[in-house]
Structures are given as C-alpha cells and as structure tokens.
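Here's the structure we're looking at; comments come further down.
Each chain carries a letter (A, B, C and D) given by its place in the written order, and its residues are counted from 1.
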Amino acid sequence: MIIKYFSWIKEHVGKSEEQIELPDHINNVNELINYLNEIDKKYTLIFEKKELIKIAVNKTYSSFDTNISNNDEIAFFPPVTGG
Amino acid sequence: MIIKYFSWIKEHVGKSEEQIELPDHINNVNELINYLNEIDKKYTLIFEKKELIKIAVNKTYSSFDTNISNNDEIAFFPPVTGG
Amino acid sequence: MRKNIPFIKIKIQNEDFDVSDEIKILHQNNTGAIVNFIGVVRGYDEKNNQIINSMTLEHYPGMTEAEIEKIVFESSQRWELTGVIVIHRVGNLKPSDQIVFVGVSSKHRQNAFDGCNFIMDWLKTKAPFWKVEENNNKKNWVSFNENDNQALKKWQK
Amino acid sequence: MRKNIPFIKIKIQNEDFDVSDEIKILHQNNTGAIVNFIGVVRGYDEKNNQIINSMTLEHYPGMTEAEIEKIVFESSQRWELTGVIVIHRVGNLKPSDQIVFVGVSSKHRQNAFDGCNFIMDWLKTKAPFWKVEENNNKKNWVSFNENDNQALKKWQK
C-alpha cells in the first residue's frame, strides 16, 4: 500500500510517501491509523485531531470508515488552501 | 428647449434633435407631449404607448410629471438594449 | 459603513479594447481577485430567428457616462472594491466582436464577482445604449429583454 | 435536462498564463458572454498580520485534475456553458503573481457568471492544493478559511 502525505502532515512524517505491507486484519482507514500509531509515536501527533485530517483513497475523498486493501493508494492531508 | 430622440423614436420623428420655444403654460413632460401632439400627428404615433417611452430631463431619468422649463434638455427613447 | 472609492475608468468608444491591457490596470493596487465580463456580439437573433450580419450601437453621450458612474459608485458602496473598469463600444459591430468589458478587482473574490455581476445587470437596464441589427437591407431595433429586469431582483436588499 | 458538455481545458502548471490567450480560446464557438476570474498572490497575510515574501503551492497530482474535472462537469450540468478553462499554478510564487484562472463562456451572461463563481468556490474547498507562506526563514502553512465553506451555501439547490 502507498501512503501519501501533504502539507504540514508531510513535514511531521518526514516524507511525502511511504510503502507499507498492509496486515490482513486491517480493513479500513481507521484501523490503518491505529496500526500506524502503534508503529511510531509521530503518527499519534498527526492523527490526534482527526477532524483536521482529510483522507483520499485512490485519489477520491474518503472517510475514516472507508474500506481499504493492500493495492490502494491512501493520502492524508489538511483541508485545502489553493485558489 | 432641446428635445433629443433615440433609436426607433428618432426615425419616426425624422431627426435626432430639435429646438423648440417652450410655451409658458407648459410645466411638465406630459404637457410637452400633448403640445407636440397638437403640432404634428407623427408625435401621436410615438406617444400613444407611453409605457414604451423612457424620459430623461437633463440626462437624468425622469417621469411624465417631472417639471420642465425652457432651459432643459429633454430626451425620449425606448428601453435600453446595450451590453 | 462608507467604503473607499476604488480606481474607476469608464470609456465609451468606437475602437476595440484589449482585455489584457485592462487587466494590467486592475492588477495594480493590493488586489487578490479580478473578475471580468466580456460581452460578444452574437451572429444570431434567437428571438426573431434571424441571422445578424452586423449591428450598430447608438447611445446618449453624457447621460451614458453619468448612468454608468452612478452604477459603479453604487457597486463600490455595496462591496469593498479596489478597481472598476467599464468599456462599452458604440458604432458598427460584427458578430464575434467584443462589445462590452466590465472588470472589477477586490481583495476578496466574492466582492469582485458580485460587483462585476451587479454592474452588468444595471448597465443592461439603465445605460442608454440602443442596438439596431442589420441583415441585408433590413434594420431591426432590438427590443428590451424583460429577463434583464428580472435579473435586477437579486440585488434587492 | 442533460446539458451539452462545453469545451473544457484544465491545466496545473508552474508557468504563468496569458489571460488574453485563454480568452481567445473561450471566444470561439457561439459565445455571447465570457466571465473570467484571476486570482493574484497578495503580499500580506491579514490573518497572521504578516508580510509575505513568497509562497509555494504543492498539490496532489492526479487527484487535483480529477477533482477539478468533477467541479467543471457539475457546473456544465447546472448551467448551459460553451467553454470552461481552469489553470492553476503550483511551485514558488511571489506577491502580485497570477495564481489561478477560471474562464467560463456561455450564450447568456448569468450562466457565465454563476458557472465561474461556482467553479472558484468549489475549487477553494475541494481541489487538493496547499500554500506555504515564506517570510525570511519562517514557513507558515496557510490554514483553511472557514469562509470558503460558507461560500458553498449559495449553491445548495
């Protein structure tokens, strides 16, 4: 699974993209976040205020309960500020 | 007094502008129109449907009961179609 | 609250205009948003089912400028604007010619959108211009479009 | 009623754009009205009371284009449009640089105004761009403006 990060989230993670092998028991975005929190404390800081995080699965806006699989591309980013 | 005509009204009158000496007893636009109708039948045709006529006195939108004097510039024209 | 008067330019002219020149002017000052309207002569009169070969615009010199000034002033009191340019052509025009430009700049985008839209709507109903369409040897004075009166309703406070 | 799909051009690019080139494209087809929005980088961050020396825009390639396409498609189903151009710059920009262009053409002016305004409002809330302001050695990721969510309310059917 590819995970992408943008804006200040990218800077907190320290990279714009990472590839992980999604464990079998993880079925949605919420479970992925819990899994990341277990791996490294830096994620806890990012995801502590979930309402500030937007999610895309395969480049489409998604939610914390969207189902995911190992072939998906997930992105985490703050609300957008273009225009 | 200068009277100006625009668009199809100008074509009906046959000129874009005329100068008249306003008789003393004429005090507003309505009275001017009645006076013009007396002078020449061509005006009757123009003013028979008053709701189609817009009036300006000294280049400001005005109405049939606006007071006028011999020093004023009056204009008669149909609703505008610019833009 | 009384608002600052923006930069204002109003022109009635026979010549064509260059939109990028006007945008350069609006771009000055502390501007974050520029909204432009460009009106283009269409080649077909849908109401009368008629091809248009050309049209001629006449206007009432002096009153035209005064009416547009009033509209622009009113827009500048409703919204915080930094610049307004209105250019309206008169004389003979052909299909696809540019006929009118309204450009409005502001710090904030919705002010620029509303100001530009407001000016166009009021210009259509108040500025003394008249179009006559020419097709072969026939002349047809365009009649007022009642939709333009309806469009004003959105600006009722 | 299903409406015709207009001419559509969407570009995400580092380079500046020339508004008059884009207007020439919109001018084609049977167009009576062209409305353009141009966003300009401002030199001052009012929220943080901070001068901005430069800013950098990043985006999510692929998703950005897809989101803008959805917005443009939705606009073309709401209003009868003849052309839509959206250009958004990314990378490093300076105050007074052009940042975004949205141009919409239509036979009728209110469709062009509404389509352009709609696209800008949705772009501001959905298209995945992020601005970071740079002032000397400090970086400040711009935070989402809640007014932009409020602006969407006018499009509720």
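Note that in this section contacts are C-beta pairs under 8 Å (C-beta built on N, C-alpha and C of every residue); 3 or more make two chains touch, one makes a residue touch a chain.
Remember, it's a predicted structure, so these values are computed and weren't measured experimentally.
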Under the document's definition of touching, what chains do chain B and chain D have as common neighbours? C
Between chain C and chain D, what is the gap in Å from one C-alpha centre to the other? 23
With chain centres taken as the means of their Cα atoms, state the distance from chain A to chain D in Å. 27
If you average the Cα atoms of chain A and of chain C to get two centres, how far apart are those centres in Å? 49
So, what's the distance in Å between the C-alpha centres of chain B and chain A? 74
Quick check on chain D: which residues sit in contact with 2+ other chains? 39, 109, 120
Sequence positions of chain A contacting 2 or more other chains: 83
Contact pairs between chains, per stated definition: A-D, B-C, C-D
In their shared complex, at which residues does chain B touch chain C? 4, 6-8, 56, 59-61, 75, 77-83
Which residues of chain C touch chain B in the complex? 39, 57-60, 62-63, 66-67, 88, 99-100, 120, 123-132, 141-145
Chain D residues touching chain C - in the complex, by the definition given at the top: 18-20, 23, 27, 30-40, 42-44, 96, 107, 109-110, 112-113, 116-117, 120, 151
